[in-house]
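For reference, the structure I am asking about is given below.
Just so it is clear, A, B, C and D label the chains in written order, and each chain counts residues from 1 on its own.
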Amino acid sequence: MSEMKTAAYICSGCGIGDKIDVKSLEKIATREGKMALVKSHEFLCGEAGVGMIRNDIDNEGVTHVMIAGCSRRAKTEAFHFPTTAMARANLREGVLWVVAEGDEHDEVRQEMADDYVRMGCAELKKMQVPAGNPATAQNKRILVVGGGFSGMTAALAAAEAGYEAVIVEKTGELGGWAGKSWKRVPGAAPYADPQDTGIADLIARVKSSPKITVHLSSTLAETRGAPGRFAADVATESGSVTTEEVGAIIQANGFTPYDIAKLPELGGGTNPNVVDHAGLEALAIAAKGDTIKRADGKEVKSVVFLQCAGQRDDSGKHLPYCSGHCCATSIKQAMYFKDANPNVDTVVMYQDLRVPGMGEDFYRSAQQKGVVFTKGKAAAVEPAGDGCRVAFRDLILDEDTALEADLVVLATGQVANSGVNIELPDDDPAKAQKTSVLNLAYRQGKDLPILKHGFNDSHFICFPYETRRTGIYAVGPVRRPMDAQQAEEDAVGAALKAIQAVENASLGRAAHPRSGDLSFPKVRLEGCTQCKRCTVECPFGAIDEDEKRFPLFNESRCRRCGTCMGACPVRVISFENYNVDTVGSQIKCLDMPDEFSEKPRILILACENDAYPALDMAGLQRHVYSAFVRAIPVRCLGSTNLVWITDALNSGWDGIIMMGCKKGDDYQCHFVKGSEMAHYRLSKVDDTLKQLGLEPERVVTHEIAITDNVRCAQIINDYVAQIMEIGLSPMKGFG
Amino acid sequence: MTGNIATNRTVLVVGGGISGMTAALEAAECGKEVILVEKLPTLGGRTARLYRYFPKMCHPTCGLEINLRRIKGNRKVQVLTMTEVVAVQGRRGDYRVSLRIAPRHVNENCTACGDCAKAVDAEIPDPFEYGLKTTKAAYLPHAMAYPQRYVLDPSIIGTADAEKAQAACKVGAIDVAMAEETVDINVGAVIWATGWKPYDAEKIQPYGYGRFKNVITSLEFERLADPAGPTGGKLLRPSDGKEARNIAFIQCAGSRDENHLRHCSRICCMASLKQTQYVREACPDGSGKSTIYYIDIRAIDRFEDFYQNVQKDPSVSFVKSKVARIAEGEDGNLVLHGVNTEGYHRYAADHDLVVLAVGMEPEAKGIRLPEDIVTDSSGFIEGSKDEGMFGAGAAASPLDVNRATQSATAAALRAIQVIHKTAATETAA
Amino acid sequence: MAKKNIAFYPGCSSQRKSSAANYLVSVQSMCDKLDIAMNEIPDWNCCGASIGYAEGGELPRVAITARNFALAEKHLPGQDVVSTCAACWLANRETQERLEASPHLRAETNEALGAAGLSYQGNTKARHMVEVLIEDIGYEGLKAPVVKSLEGIKFAGYVGCQTNRPFGIAGESFENPQYLDKMVELAGGEAVPYDQKVTCCGGALAFSEPEKSQKQIRDIVESAYDHGADMIVTPCPLCQANVEVYQSEINKKQGTQFNMPVLYYSQLLTVAYGGTAAEAGLDGQIIRASRLEEIAGK
Amino acid sequence: MTTANQPAAYRNDFLKEVEANVEEGHMVKMCMQCGVCAGSCPLGSHWEHSPQKIFMMIRAGKREEVLTSDAMWMCTSCYNCIARCPRKLPITHIMHGLANYAHRLGLAPKGQPTRDFAVMFWNNLTKTGRVNELKLTLGHYFKDGIGAGIKKGLEMKGVGLGLLKAKRLNPMEILGGHKLQDLAGFHAIVAKAREIEDRRRGLSS
């Protein structure tokens, strides 16, 4: 890297020059910021302004640029200098638009702008343009665990885009549950009849694809590595082991039907004439489109489907969730009977009929065929005569009644084959009972973290593939209960994410949400005390431990949130463009007014994803807040290192507001646990405050949503008032 | 047009809502060139106008921020706003697409400083707020608008207001003479992520939307709940600005109805369950009451948890009934007439605000799609016969956001497959 | 040659000296002014009305209505079959729809008609007089002959059921149809907002379930008073009869003081077109529309 | 056709019977129990079973309860239910059809006033081809006997006199009134139609 040459550019446009003394800012950038070049411009983001910067970079050897003007979120197209380190001082959204208008505020407004220029310069000098990983991982094959409908669809989707795929299937054949079904719920207009499962075609395409390798009767004995360089030991039943080198993993190992034996009151496991969906599919396959016969050979003349059997249960005995597909599946199976013989009495007993979207057409079609739907809740299924007697509450006719049928089908739910729940303690018997699917050689556990009810779903609504293990994607019913139509979309989507993961890995780029980021954590191992906080706290399981028990960073698993950096008590972890010093130097560079100035200084550490945009938008909408605050964006509140807090307190800051995302069950932190970790660490700040003889109110945290633009202004103003009441920090002048 | 030159290796994404942005970004982050066109002046689509998402009660703009940052940081995605597709010719792997770009009258110089808005007098119904408030005729579509540039409403072009706006702009961003442009581009695959529109509630006559002021749509209710919305987040009813305390949510307003939309719109049950929590939040003293009138509550998979929690909420009650009709009382209150079919109980229930959980209709319904495109009976896009064009998100099916982005991700791969095959064929030749 | 020729199907209530005789009289006067020639279908029979269902069943009802079409086709070829009565129009339209939809039903119907040497071809169109006025003459055309203004009289436009549902007049809404209001206004009167526009008067159940029906009627009249109406105007003979005739009953039983004239749109238009009270059938009102009579007398 | 008194619950027998014999009966199965019909009926508060409930009872096999219900007889033919039904069930017609079927089977409630009136109406109109309003009115008043008829007639005297005065009730109708020229043809059509329909239903006229 060539020698650093810094330059500061100060924009006086958008009214900045009218309210703020730009000459003073220039002076500060030169004298205090020690910028080699300092220039101002009345329209910096315009062609001439950008041209000026570009020229300095190209011809004057400028390597580091500090732009003081609008927020870092604005004018990103204009200020696009990818080879140059850049810091932005937010004079517009952060000062001009939020400080109250009027001459009486000129002084504090100017001080605020002055400080932001100081901070911008300080940050800039500690930054480097990320050089990227020189040794990126290049394997681009996709491993698919599970050879059912989802798995085969995913493998084919990858192959069709030019990527090799490896399928590892536990059983001796491809096809999964769909392969054991007579037909599937229709996935295209007119949504009137069951359609062919398409499984035979999928199997044929998989087998004939030169890009797909299939391992049958195989499981994963161990999976090591990271995106772009996974090594998976594929063990066959016979004991032989093959190692497959792959770049990304799709986990599509499906579901297990909820055990009907757990529903004895509905005849499950006790009555031979009570089956589940899978049992009925077997009977339908045996019938080959003809009249369906029971296991005992009797032709079924009447059948009842009991929906939500062992599902939507709030007693804690059965599955609490809805499996989503069962209404359509029962409709499909009811059609098996009606299509073969319209005279079969076919009743679907439901509580809420759940056939979203075009499923409504499928529902209508079943009614057209004479399937009777009734809103009711079954109480008991007992043997009666040659068949069953279903006692139920008829919710429409408002009576307890009963009906008789030759066969009862229980619409039980899907239980995810998600492997081990890694969050459980090792001695938990529930953990011991489960067999791992992926057998990841990760510090943080063998399988994907479970979101809820045993499914490996993403927690994010906007980002359904954001699992907590980069480059590993759960798909199909292991991710969320679903039907074939959804599984198909899911599998194709997951294939894309796997492809993206290998492409990212090959270039050393971060995945979402910091997609494209080339920085990655660097660690000074000589300073490391092997405290393991970084490995434990990493939300993405990116850090292992090497044989000497030092942290081993797997860059292509890392999402660049900086939680490890925040966790590190000895501050040996850093990013080239974001580190303890980039923030620390900003905290320490202020022109701190003395204790008697009545001008407190409040530090805001704001999550760049939500809180900082909220502050920006407070500005955009001109919600006035105190000019005593100085906001610094952080990648995640989880990257907050406690040294920043102690540094700030020691430097005489009067208060600190930490603004992060919501934590808890419905967390909104983009890095899963960052916000929670920050809160946890801060619970220990009290000791520091006590040692310094400071009030606990000097450090506060708030959960801020991106919509909280009015609220964050209010929080600031209330806090400043509170600090004024407590009094300014006695620490000033000691820093 | 500036930036990338489109080729038959380029993916065109039509629609800049969450599905379109997702499809564009997922393809671009796999290394593909993408052109993303949006009809409106800003990206963000319908979801940007929602206050919160179910089931986490998180904020749609949170994901929007991330997606915008991805777009800002990825030069492979080229965004064209105020742009519509007017024609598609050619075939899979080699389409010629005509784009029509409407004049924004504000160029790239715009810094979003707001001087033009101050200068202009004319006000228009704020499109972002469904007209629940007005905005200046020179406006930034919303706080997170991208591109962050103002727009001049066509109604002031040729008036003194436009001149005033131009005079007020210090950076020469306003171009009153800007004209409509037509551009032809070459692309290999097209993803239609044109999204959905709310079913026209006025057509559901017995509910009196458009006749009774206090009958509003679920989308309008989102704006009322939003602190950045027209009422500052207070649930004020339109007739008299009184805080609504006894709110009815009518499910299947247009959906599951052969007089209106044949399909189930999937999201509305969860949307109303979510909105009951806005009511709860708005009335911390517990004085807020929500009543959901439904046929079936369709809270599938773990959404069931959310449903069960709402069921436990004493401020929310459920009536299994499709409301027959609504009558307006003198005080602006509304009387809902119907029968609870669980056991047959007739009601005439008084509410101070009625929210219609309006159904989703494909936005593309009614606009001319290329002939090759296949739609289902409700007008949702199934894809093109030549398998080079794909529907994504709510353009393809009534989907919630999570499933829409999933669908968009899948569509991105399908488009990549087309590009891959085109490239392979051309290399081979 | 008249501007327009129609095959007129009066229906039982609108025959001479029947309960809607005043409707017939005023429609005739109105059509004269508009140059519409009403050619009565020779030897037409009752449509069966809705209430015919219990004894009639489906096919006999369809068959007797089809007989009227068959007669129109035979004697008045090419002319639309136009009714003034809601029930007649509905029966005609439903019958036509079903015969179009089901070849089986059509065959059975023709088998029945064959017993009288008739057959249904399906080449006429069943319409309501209001449709002829709005679609063929147009509001402008309806306004043209107006010579007297009904200024100062407030009307509640009561559409009722069967002129409105399930078919309704094209372009109108089920819940808030506007055409009566427009007719009132083009005649110079004032149409008051009215929330019982499409409420059911009880129909034939006015006979069999008088208590239940009279509750409906009470709502309809009361709301007209509440909205400041002087008179009610309607397109339906059964609505007219029920709402007018039972006011005295309701007064007697419930102590109300209803005295609200209930008129046909054709009566309003006839007066506005300069017709006499007799031409407008105003002498057929049980509750006299004195203010309208005054205007007609001027 | 099954005519067992109490068919087993949720067996298709009665549904099939309805589909075969009731006007538009094939649409009963399409109901999704939203209840908009029940809430739309002007006389809804007076009956025991709403249309949607009747449809559920048909599917549940409650033959006797359905056919003896008074619900169908409360229909004013206002068509609100038809206009609003999201499944486009022709509810008015189905209710009429059920009433007709129950009546033809002799199961409809005895003395149900609308049933009586409806029968009278049909007989009145088929007699001469057109409705004789005077005879219809008188017949209706006197359906419960002379005494009740006179009482009812006196009660409604005002109404009758009003119509008479307004020349909207013709006392001469008592002598015959309007009558078709080809009455024989008309009767032949009615008879033939009924014969065909009864044949279809397996009933004898």
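We adopt the following convention: contacts are C-beta pairs under 8 Å (C-beta built on N, C-alpha and C of every residue); 3 or more make two chains touch, one makes a residue touch a chain.
Here the structure is a predicted model, which means the values were calculated and not measured.
More inter-chain C-beta contacts link the pair A-D than the other of A-D and B-C.
One simple way to say how far apart two chains are is to compare their mean CA positions; for chain A and chain C this gives 66 Å. A straight line joining the Cα centres of chain B and chain C is 46 Å long. Annotation: 23 Å between the Cα-based centres of chain A and chain B. Residue positions 174 of chain C are each in touch with at least two other chains.
For chain D, the set of residues touching two or more other chains reads 32-33, 52-53, 80, 87. Of all residues in chain A, those touching 2 or more other chains are 353, 375, 396, listed in ascending order. Contacting chain pairs (ordered by label): A-B, A-D, B-C, B-D, C-D. Interface of chain D with chain A (complex): residues 8-12, 15, 29-30, 32-33, 52-53, 56-57, 59-60, 62, 87. The residues of chain A lying in touch with chain D in their complex are 302, 304, 343, 345, 347, 353, 363-364, 367-368, 370, 372-375, 394, 396-397, 401-404.
Listing the residues of chain D that touch chain C in their complex gives 23, 42-43, 46, 74, 76-80, 82-83, 92, 96-97, 99-100, 103-104, 108, 113-119, 121-123, 125, 129-131, 133, 137, 140, 156, 158-159, 162-163, 165-170, 172-173, 178, 180-182, 184-186, 188-194, 196-197.
Looking at the complex, you find that chain C touches chain B at residues 173-176, 195.
Contacts from chain C toward chain D in the complex involve residues 12-13, 15, 17-22, 43, 45-46, 48-60, 62-64, 67, 87, 108-109, 111-118, 161-162, 164-166, 174, 199-200, 202-205, 207-209, 212-213, 216, 245-246, 248-249, 252, 283-286.
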